[in-house]
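Paired with chain B in one complex and with chain C in the other, chain A is shared by the two complexes that follow.
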Partner chain A sequence: MSTPLSDLMLNDRGFVFDPASGETFQLNPTGLRIVRLLQSGLSHDAALTQMVSEFEVDEHTAQRDFSDFLENAVRLGWRIE
Partner chain B sequence: MNRLPYIRPNIQRLQAGPVNPFRLGSSPSCVEIDGVPVAELARNYGSPLFVFSEKALREKYREAHRAFSRRYPDVQFAWSYKTNYLNAICRVFHQEGSIAEVVSGFEYEKARRNGVDGSKIIFNGPHKERADLERAVNERAMIQVDNIDELLTLASIVRDRTEPVSIALRVHLQTGTHTVWSKFGFNGDDGEVLQIIRRITTLHNLRLQGLHCHVGTFILDPENYRVAARRLVELAIEAEKIGAGQIRYLNLGGGFASHARLHYQYLPPEQTTPSLDRYAEAICETIIGLWPAGRDLPRLYLETGRALVDDAGYLISSVVAVKKRHLPSQMQTAMAAYGKSAAVMPQGNSRHALVLDAGINLLYTTAWYQPKILPARPCLDTPEPTTVFGCLCMNIDVIREDAPLPSLTTGDQVVLHPVGAYNITQSMQFITYRPAVVMIDSERKVHVIRRRENLDYVQELEAIPEHLATRTAVSRPEPHILAVA
Partner chain C sequence: MHSPRIAVSGLHRGENPQPGASIVRSLRRRFPNAFIVGLVYDALESGIYAEDGPDVVYPMPYPTSGATAFLQRLDSILEKSPVDYLIPTLDAEIELLVHLEEALTERGLRTYLPDKEMLSHRAKNHLPELAKTCGVAVPDTRPVYDIAEALAVAAECGYPLMVKGQYYDAKMVSTEQALFAAVFKLFSEWGAPAILQRCVRGPEFNALGLGDGEGGIVGLCTIRKTIISNQGKGLGGITVLDPRLDEFCTRLIRALRWRGPFEIEAMLDEARGEYVLIEINPRFPAWVDFPSMLGINFPAALVQMMDVDRKPAPLPRCAPGHFYVRHQVEVAGHIEQLAALSTSADFEALDMARSLEGAAPSAPTPFPIEMGDDGASPSNGSARRHAH
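For the complex of A and B:
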């Protein structure tokens, strides 16, 4: 059982509540931004482009961290479309 | 566009409720306060003992003042007396430049005796005696009118004066908090305030100069202030349109959060309490952005209480007994519901417990907040959930249901923090004497700012009727004589 990203409840400080499992998580500000972008309906590519335009990061690093982050999210029981 | 600094994105799973406070591994301790050993304080001034850090008071005040004055040209803080009206504390804030905010004749008189001029007193509250209002009018205090009866009393006081008297109106607003403090002032959302303002324009000798709104207390979201500030500005503009003249000041009350932790609060205060800059930004940006161009900005008053004093106050207390406590499962549920405990107990159905020499009569705020309790000596063992009882002979005297504490023994001291807001003013003498209060100054010198109570002090106001005055107080009735069969 995994929880679709759209069901996760977040606050502005990156605190996440998963209503399906009752578990709670803490995102750092960049992690929070990624989840927000994906929740808003952006594709992975579009979210990545947006991250690079908002943060001081090169595309290569951003891409690597982005995939690591999503893998980690899946391991923690989140469903990434 | 300026890009933000990048950090690797990260997710961390948080531990379930009650486990979180015990993640720390080793036990944190509080061996000294502002460089003065806790053991020495307890030895010299007794236990329990309230301790205030003058340095922390001044630093916090300056931080708050800086946060606002950097963003706004005309800011004035008014020390909220009820939050802590020990004279030494009030005087520290007055020295720093704060005027006074009072809510009764008693507090008004206290502020005057602390050297505050009447014109530097903001007079709030839902009940102001006529005599107190007369005095406030004569001394040109800033009266924040709470209700229509008060307004009419004031109108009758000022009727025959030669000069008009300035007043402000207290307003309550829907700002997004759980509850609106509608007990106080006039409704600013449904037109009631505007009706009252129209009424003021018809009253002789009263001039509306200010609008006041105290959103609530321990407000964790600065956005509530953004809404309050916006609504006050809108009301000020409307007030002028209906002939009340220009509003000279906006008073945003108090309510900024300290680093206390609510019972149900999951994340520690370091993560939840907004910085004073964030409150300042919400308020100042809003007023500056919305105030009509070309008009002098109104003066901004703030009546910040707990955020300035809470973190500067400690209570030293001593362990007087160590216990083990058995908790049947239904009681665990009940305690969780009562709000002082997490629902799951890592130790099964028994728990360590301590009795301290201080009770909840000194710690009124433990009804809502859970103070940190730290041992006053370094401890190597891991903290375990421990119930901390107070010393009162009452079952409800529980200071913390499950504080993470290492094993302590009788005679050990602990330090409770933060306890500087509202505990002193709301404490009551009950069963034992209230303790001394000391303040550590910036040179680490310790000053007693309130002595420990004694029997003479507690009984000072009592009187004994003549027929009870003889010293043989206990008379003994004849015992029943039972017939032996």
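For the complex of A and C:
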């Protein structure tokens, strides 16, 4: 049972509502940015590149954090496309 | 249909609210000039005294009194306050009324109810067969007809278990002593069987809808319960939109060819990752006015279905993310109103507009109260206590 990331309803403060499960979540600013980028239709690689440029981190760190977030998202019941 | 005349039962909205008061509110939203007759079983049903409540109220004999008593009272009511539509909201009433379709039609009363077969197929003790037919999951559910059988089933299934009455009440038990007490209480209040159901862990979901009698669903609103009382009642819920839950409901209603209002109670079994069927109620739930506030008025649609007796346009879905929180308030009544409804020797209508005049602060206290013709009046020095 998982909800496509594109279906999640969220606001600018990182409050997330899963419309299928009825659960609510809180994202930190980085998580919110990742979800927004993926919801906009960017590929994982393109979203990662964007993160590197916006957050001024090295690619290795960004890659690790990005992967950690996606793993966590799957555990929360979200489907990453 | 600007001023429909509609009878609605089940007006209590206390700790364990009935659907009637919510239905009345929804009807008033769509039909402000409707004439609404409240059918009550207790003078303290709180919806009697609500500001947007019924225009007139009549006490009814309990459905367990049988068809004759029920119809006789209905005839007397129709003579005084004619109505065109009847919306029963209590499981025990519906159980009786599905046998009286012809009698109701003869009286010019329109209803929109399942038939006997549909009603029986969704009964708690038949859930496993229904679930199997539809390919939906159901927790291990067993009807038990005596205490010894209950103890044997519990020993086989293990604790904790849900113990349920045929119509009402559900309690989780974790010990043999608690099981004994719960089953004994249900037998004494509702008779056999009691239903034992294996406990499921996970969030609870409810679906409110209207079946068209041909297997289709005219409207559906699905929620996740967000606040649950100690009795398992949903004190809060949020609208959700999950295709898997919709499919789950569609399969059940299609198999039953359900006609009329329904509420499907389901849980998302955390262990199996799938929805499981808990029960199907043959009526609107107490939260039916919540979608009406969002513009999706199920009671008004039901009246339309009773009126034209054809499939109306499907109701739109409630968008996900709307929530309700149950808000209890006090409603005020006057002893005169209570007296009018509590008189058992002869029944009379409680006209809410007229009785409110009598209850105005400037009015003299309306004592003595006539107690009917059973000899218990203040003038001869005898009295009796009403059993509320």
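Going forward, the second predicted complex is superposed on the first by the 81 of 81 C-alpha atoms of A that agree within 3 Å, B and C clash if a C-alpha of one lies under 4 Å from a C-alpha of the other, contacts with A are read in each partner's own complex, and residues count from 1 in each chain.
Operating definition for what follows: a residue touches a chain if its C-beta (ideal position, glycine included) is under 8 Å from a C-beta of that chain, and two chains touch if they have at least 3 such contacts.
Predicted model only: the values in this text are computed from it and were never measured.
Undergrad: For A:Ser40, select first, second, both or neither according to whether it touches chain B, chain C, the two together, or no partner.
TA: neither
Undergrad: After the superposition on A, what does A:Met9 contact: first (chain B), second (chain C), both or neither?
TA: second
Undergrad: See if chain A has more residues touched by chain B or by chain C, and give me that chain.
TA: It is B that touches the greater number of chain A residues.
Undergrad: Where does A:Phe69 make contact in the superposed view: on chain B (first), on chain C (second), on both, or on neither?
TA: first
Undergrad: Who does A:Pro19 touch here: chain B (first), chain C (second), both, or neither?
TA: second
Undergrad: Taking the stated contact definition, name every residue in chain A that is touched by chain B in one complex and by chain C in the other, in rising order.
TA: After superposing on chain A, chain A residues 23 contact both chain B and chain C.
Undergrad: Using the touch rule from the top, collect the residues of chain C that touch chain A in their complex.
TA: 203, 205, 223-224, 226, 238-245, 268, 273-274, 320-321
Undergrad: Would you mind writing out the residues of chain A in touch with chain C in their complex?
TA: Those residues of chain A that touch chain C are 1, 9, 17, 19-23.
Undergrad: Which residues, counting only chain B, touch chain A once they are in their complex?
TA: Residues in contact with chain A: 1, 3-14, 266-267, 271-272.
Undergrad: Which residues of chain A touch chain B in their complex?
TA: Listed in rising order, the residues are 13, 15-16, 23-31, 33-34, 53-57, 61-62, 65-66, 69, 72-73, 76.
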